[in-house]
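Labels run A, B, C, D, E and F following the written order; every chain starts at residue 1.
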Amino acid sequence: MRQHELTRADVLTAALPYIQKYHGKTVVVKYGGNAMTSPELKQAVMTDIVLLSLVGVNIVLVHGGGPEITALSSRLGLETKFIDGMRYTDKATVEVAQMVLCGKTNKDLVCSIEMSGGRALGLSGLDGGMIKAKKLEGKADYGYVGEIVKVDPTPVSDALASGYIPVISTVGMDEHGEVYNINADTAVARIASALKVENIIMLTDVKGIMRDQNDESSLIVDASIKQVEELIAEGVVVGGMLPKVRCLCDAVLGGAKKAVIIDGRVPHAILIEMLSDDGAGTLIHE
Amino acid sequence: MRQHELTRADVLTAALPYIQKYHGKTVVVKYGGNAMTSPELKQAVMTDIVLLSLVGVNIVLVHGGGPEITALSSRLGLETKFIDGMRYTDKATVEVAQMVLCGKTNKDLVCSIEMSGGRALGLSGLDGGMIKAKKLEGKADYGYVGEIVKVDPTPVSDALASGYIPVISTVGMDEHGEVYNINADTAVARIASALKVENIIMLTDVKGIMRDQNDESSLIVDASIKQVEELIAEGVVVGGMLPKVRCLCDAVLGGAKKAVIIDGRVPHAILIEMLSDDGAGTLIHE
Amino acid sequence: MRQHELTRADVLTAALPYIQKYHGKTVVVKYGGNAMTSPELKQAVMTDIVLLSLVGVNIVLVHGGGPEITALSSRLGLETKFIDGMRYTDKATVEVAQMVLCGKTNKDLVCSIEMSGGRALGLSGLDGGMIKAKKLEGKADYGYVGEIVKVDPTPVSDALASGYIPVISTVGMDEHGEVYNINADTAVARIASALKVENIIMLTDVKGIMRDQNDESSLIVDASIKQVEELIAEGVVVGGMLPKVRCLCDAVLGGAKKAVIIDGRVPHAILIEMLSDDGAGTLIHE
Amino acid sequence: MRQHELTRADVLTAALPYIQKYHGKTVVVKYGGNAMTSPELKQAVMTDIVLLSLVGVNIVLVHGGGPEITALSSRLGLETKFIDGMRYTDKATVEVAQMVLCGKTNKDLVCSIEMSGGRALGLSGLDGGMIKAKKLEGKADYGYVGEIVKVDPTPVSDALASGYIPVISTVGMDEHGEVYNINADTAVARIASALKVENIIMLTDVKGIMRDQNDESSLIVDASIKQVEELIAEGVVVGGMLPKVRCLCDAVLGGAKKAVIIDGRVPHAILIEMLSDDGAGTLIHE
Amino acid sequence: MRQHELTRADVLTAALPYIQKYHGKTVVVKYGGNAMTSPELKQAVMTDIVLLSLVGVNIVLVHGGGPEITALSSRLGLETKFIDGMRYTDKATVEVAQMVLCGKTNKDLVCSIEMSGGRALGLSGLDGGMIKAKKLEGKADYGYVGEIVKVDPTPVSDALASGYIPVISTVGMDEHGEVYNINADTAVARIASALKVENIIMLTDVKGIMRDQNDESSLIVDASIKQVEELIAEGVVVGGMLPKVRCLCDAVLGGAKKAVIIDGRVPHAILIEMLSDDGAGTLIHE
Amino acid sequence: MRQHELTRADVLTAALPYIQKYHGKTVVVKYGGNAMTSPELKQAVMTDIVLLSLVGVNIVLVHGGGPEITALSSRLGLETKFIDGMRYTDKATVEVAQMVLCGKTNKDLVCSIEMSGGRALGLSGLDGGMIKAKKLEGKADYGYVGEIVKVDPTPVSDALASGYIPVISTVGMDEHGEVYNINADTAVARIASALKVENIIMLTDVKGIMRDQNDESSLIVDASIKQVEELIAEGVVVGGMLPKVRCLCDAVLGGAKKAVIIDGRVPHAILIEMLSDDGAGTLIHE
């Protein structure tokens, strides 16, 4: 037992330099994928967040919620239409998205954090006019899919200043009061830029950027924005990873200190990334 | 035109003493009924709230959302079961309630206030652990219907202090993390007590407490708690009005200065109540 | 009666966008002329000021007091001497001016605002060393007529920060302790510049700048400083209006956002100007 | 010269314990009599006040102004009427009093303090509604002579908090807006009570309370309120001294720590009182 | 390696409830014995303190320094005299004590904390007049051994408020400026009472209070003050442990929430005590 | 006696303009030499410092302690070795220096200030990491003599903001935790630059810079940095005065407004310098 206690103390003191590094800094966590659907992984994320909050890190949680939106839409018999490979969001669907994101996913996370001993405050891009959006312009009409015009981070910094962990749903409103669904990765990047965060942690279902998708040992541990551009040009970053990586590069260019893509399938991946020397996943920096 | 302008100035200056009276005071508005379903009446309420906020009143908006919960439940094919004349709320239904209240009604109101030029922040009883609840104990098992154990008004006062108009959905959580639907009238009363408000304004679909339900001229303009008890004993206050009136009496006993039941079917009923001498509806005081 | 109430609410809500526009902004009112001598007009001005103060406008009132100085001087048998068409102010007269402005006019206004429900604090250019002056240099010796060397707005901003409506008498002191009478229009312009106000409202006994003094329909509603210069060159702005207009132009160039000349003979002219779209009188802007 | 410097340092260091004693405390000075009419004595008072303000004492100056009111009244041909040996104050006279006190005496003192390097702010009992008064009720009708209903010391403490030396004219207003002349000694006592001051210093034209008016060596250096009552009963405190002494006793009973009557004919009497061990004049304490 | 990381995260998250418990609370550590003389143990204490400070605990470190005082005294040839088994402290020795405690031990600790990444501020009972002392009165004259008259915790709370870890040497001064050596255990108790701390952690060279000094398994894990009194009466608490235990009881009676005697010979004993469920050593509570 | 009092008041009021000049400004005093060894002179310095602190000057005291270090070193039998005419500081000696400066000299000064009625806080270059040092690089190895890398004035300004008189010992630490003795004159200059002080007062045992060391009437009262450079080139500033003067010039170039070398053998030399027109000693300015 004594041995056990000594180990515990050793681990805690080993965390000291990392705690010192992030103390008083703001970190945005993009939460989604397996880490959100598996109850065990979810609980580990909640614990990580409350712990980091207690050791003085200003944690901001941004979440998506695609699967739950799809589930409710289908229960309600809403048709899914694809245009150019992109889902068309009609009025009924954006209403479902708002309801699920702000009313279900967001509040469930608030409850989980509160149950883990943290103080959480649910926010959406609508509250305090945080996310000003407009209809996404593209090759086709995608309906109520929005692109961000401006992020006012005041509601987030007000919540942090009052001691809450802000939990954010990414919907936004245009000047006519129309609500749009905003891609959560894009929103994370813009919120992180507006807050000039120390770190963006993006939880995904892969190990990070890998040269060979089938070989985890080919993980790229660290890349500058220039190197990321080359990896994209070389076709290493493709598929669903491509827009995520672009968002993170934009965020770093926009004022975030760094961004990491980590594997949300590993329990306590956030703690491992933040409180160990080698971190985890792929780090993107300027 | 000149005549028109003079009249405008006269009206504004006539409002002066009422503005002075409420300046810097906190007022809770219970929002529901026709005032919530009619677009014109809703817009008038939004305008009233933003205006009162600008003239220095700390406005808190608490809303219900029964019809929308029922609508979504029925679209989802959830059965409605009644026990002792009271609706039984199963797990699926409380999830719908949370989703509709926090994700639809609440955020729609936030958007409406923002579009009217106010700064709104959506809150629920879950955020910051505001409403601690437990299963309602009664003659039967009503499922996930909660009764309030404790209200921590900190999230509301934090929001007011940061300059927002808090908009509150009345769900609460117990110590095991279970979410309950809370009757909005009860919640208003408890929140108003906790905030020691100057006034509770309850928007209803009647003129107020009337001696004869069919004769609007029998409106009781003003009643002490003792007089209200007598009216209840006499059978004047009955039906749906009875629990509402009991809530307001509790709130006044609990620390609110006064409470008024007003007719939400009249446009700008809130402004009329707050900025004129005779007020509107029925005033309950200690 | 219901009709009456509805109208009242309509007027109040129509004022909303204007209140939003000026909320938290500082506005200086130059008070004089008929609006100061007629008891009815004076009461309307007091009400307007208290109302604007309550809806969140930082109101500063600057007053003259020529007629009362003249009246007391003549009762005291002080001779009036004119040099180059300008009144010579001897030592006895400047003492009368100080006494009347700071002791009578200023305190009467303080009392009127307090009686109307506002919190007023009387200040003069002497208090806190607000107005540093020197002997006006001109073609002749005009005695104790001062020109402003420097305005320190700290006493005004201290009073605003403590929640008072500052009421200012325009006398100033030089480095030897000599007190000078300062033209109130000049003082308003300098104080407004120092405070970087949103608006200067100058109450006069005319409708504004008119192309034809005998035709109120020739009112110039809006003019840039460049346009004002042209109007002066064309001889449209003449007589007593000329120095007033020059002061306002200086103030706008010095940091005030805009200035308006309005007709103080109209009751509630200030409210009409500030809380309606077309405003009143002539607006001067950069 | 060296000798001279050493002496200077000795004197300064001898003042140290007294400065320590009053540092951060509030002291009210009642200013009147010879100390106000002699230019040399006046300058010495100004210097004392600025010096005490700089060494950390919160100095409040309250002044009368009887002779100047009388002088202007007589120049204006206002008749003086006595009732029961007390001057009747008609409407014209109270207007003269307000004008002279607030516009002449007060502002002259503000200028003198500013010229001596202090930061002064002139206040009256009207500003911020500081002195609520009513018609003095007595055996006869004395006209606009007021008695104090309530003192709100907020304008004084606001001015102190902003770093000003408040200079106060003792006029007050009733609920109908009528202005009354208030006896300065009474006002000093009430203001001192409201501020819970450390010391009231009353400048007079005598050495203090003397057993034998013709023998300065009979000065009573120190008296408890009980002893003062005995001195009054014995007929030692008579004439103009009697009401002054009663005011000071009331102030001490009302919350002031102590009060001293000192000889304003001695230059720097305030410094001598405050920065030496034996003080000066007569000390009244509980 | 992955296994290693998982363990680390597990340990950190296991610490969460304990961190939550002490977050924002003040804890005083009495530092001495082996934990101070062994370099390895000392470094572990420093790390523990910096870590606790970072996770939001207000840590105050109070140290003794007997061995170093003795060492320097002997190098300086100061004689050691005992009276009634208690060391007599002559003037020369108290000067050595002050010099060693405040100049060597204290500053060495400050350097160690700074090197470990904390922000430390060395204080003594002399700074800001923190410890008012007087000559210890006993059966004999013990020289410059002091007993505490009063502790003013302001310098400690000022340092905590500015974000420092206060490190305190226990010397005190009497009203004549004489400095006394104060027993560190007594000082800890008085400082802890004055600060109303959450916990006093006393590092010793034993496991805690044991029924049988030769059997570590007889450790008393938890005792109320009443139980401690009984243990003393039974002769279980004897020798050097007796005064320490009495000090801790006094502290708990004086306002500290609880106190623990822990074994400073175990590395990271402070972390083990504070961040595990069973704690360590003997807990004394009311 | 009256005459005596008048003189006292005259002296106090003569100090007024100087008090006004330094009110709210920061002044660093380098304390050493006779002013530190003579009990009478020391008491006079303490009184001056407490007095200046009370009249609103932010006083910072920096002290050396060479003679006491030498005395203890010799009592401990530590050898003194000179290299290139500069004393070599071995490990044992720097430990003695730290102990004497921080534990004896510093705390004695803290006690003296507290006994004189001031609130003192002892600091060293180690506390809060104030002085970052490194081994002095020169022609030879001087051991643990440090040169300053960086001064972080936060602990000093924190102490001033909390109302203490900071008393500073000039030792510093390098990045490896090694402590160095820092020349006090150099440290004063760097601290004064970092604090952008109004004045540096250096107490010495000479009258100031004199053209002829044997003729006090050749005192140079005032010199610009350029003039000082010329005096150095001319050989007027030599010996121990040379490094002191260089330090002061550096401080003035680094941000201090001015510096004065005064004669610490004159009682109350600090008061004489600060509160008289001609000052004392030699003033160095830009």
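Operating definition for what follows: a contact is a pair of C-beta atoms (placed from the backbone, for glycine too) under 8 Å apart; a residue touches a chain by one contact, two chains touch by 3 or more.
Quantities reported herein were computed from a predicted structural model and do not represent experimental measurements.
Contacts with chain D and chain F are shared by no chain at all. At the interface between chain A and chain E, over half of the residue numbers appear on both sides, which makes the contact a same-residue one. Distance from chain D peaks, on a Cα-centroid basis, for A.
Of all chains, B has its CA centroid at the greatest distance from the CA centroid of chain F.
Put simply, the C-alpha centre of chain C and that of chain D have 35 angstrom between them.
Once the centre of each chain is set as its mean CA position, chain A and chain F turn out to be 55 Å apart.
Distance between chain centres (mean CA atoms), chain C to chain E: 68 Å.
Contact with two or more other chains is made by no residue of chain A.
In terms of which chains touch, the assembly is arranged as a closed ring, every chain touching its two neighbours and no others. Round the ring, the chains follow in the order E, F, D, C, B, A when counting starts at chain E and proceeds to chain F.
Interface residues of chain E, counted against chain A in their complex, comprise 2, 5-17, 19-20, 23, 44, 47-48, 50-51, 54-56, 116-117, 266-268, 271-272, 275-276. Remark: chain B residues 75-76, 95, 98-104, 106-107, 110-112, 114-115, 119-124, 126-129, 155, 158, 162, 164, 171, 173, 177, 179 touch chain A in the complex.
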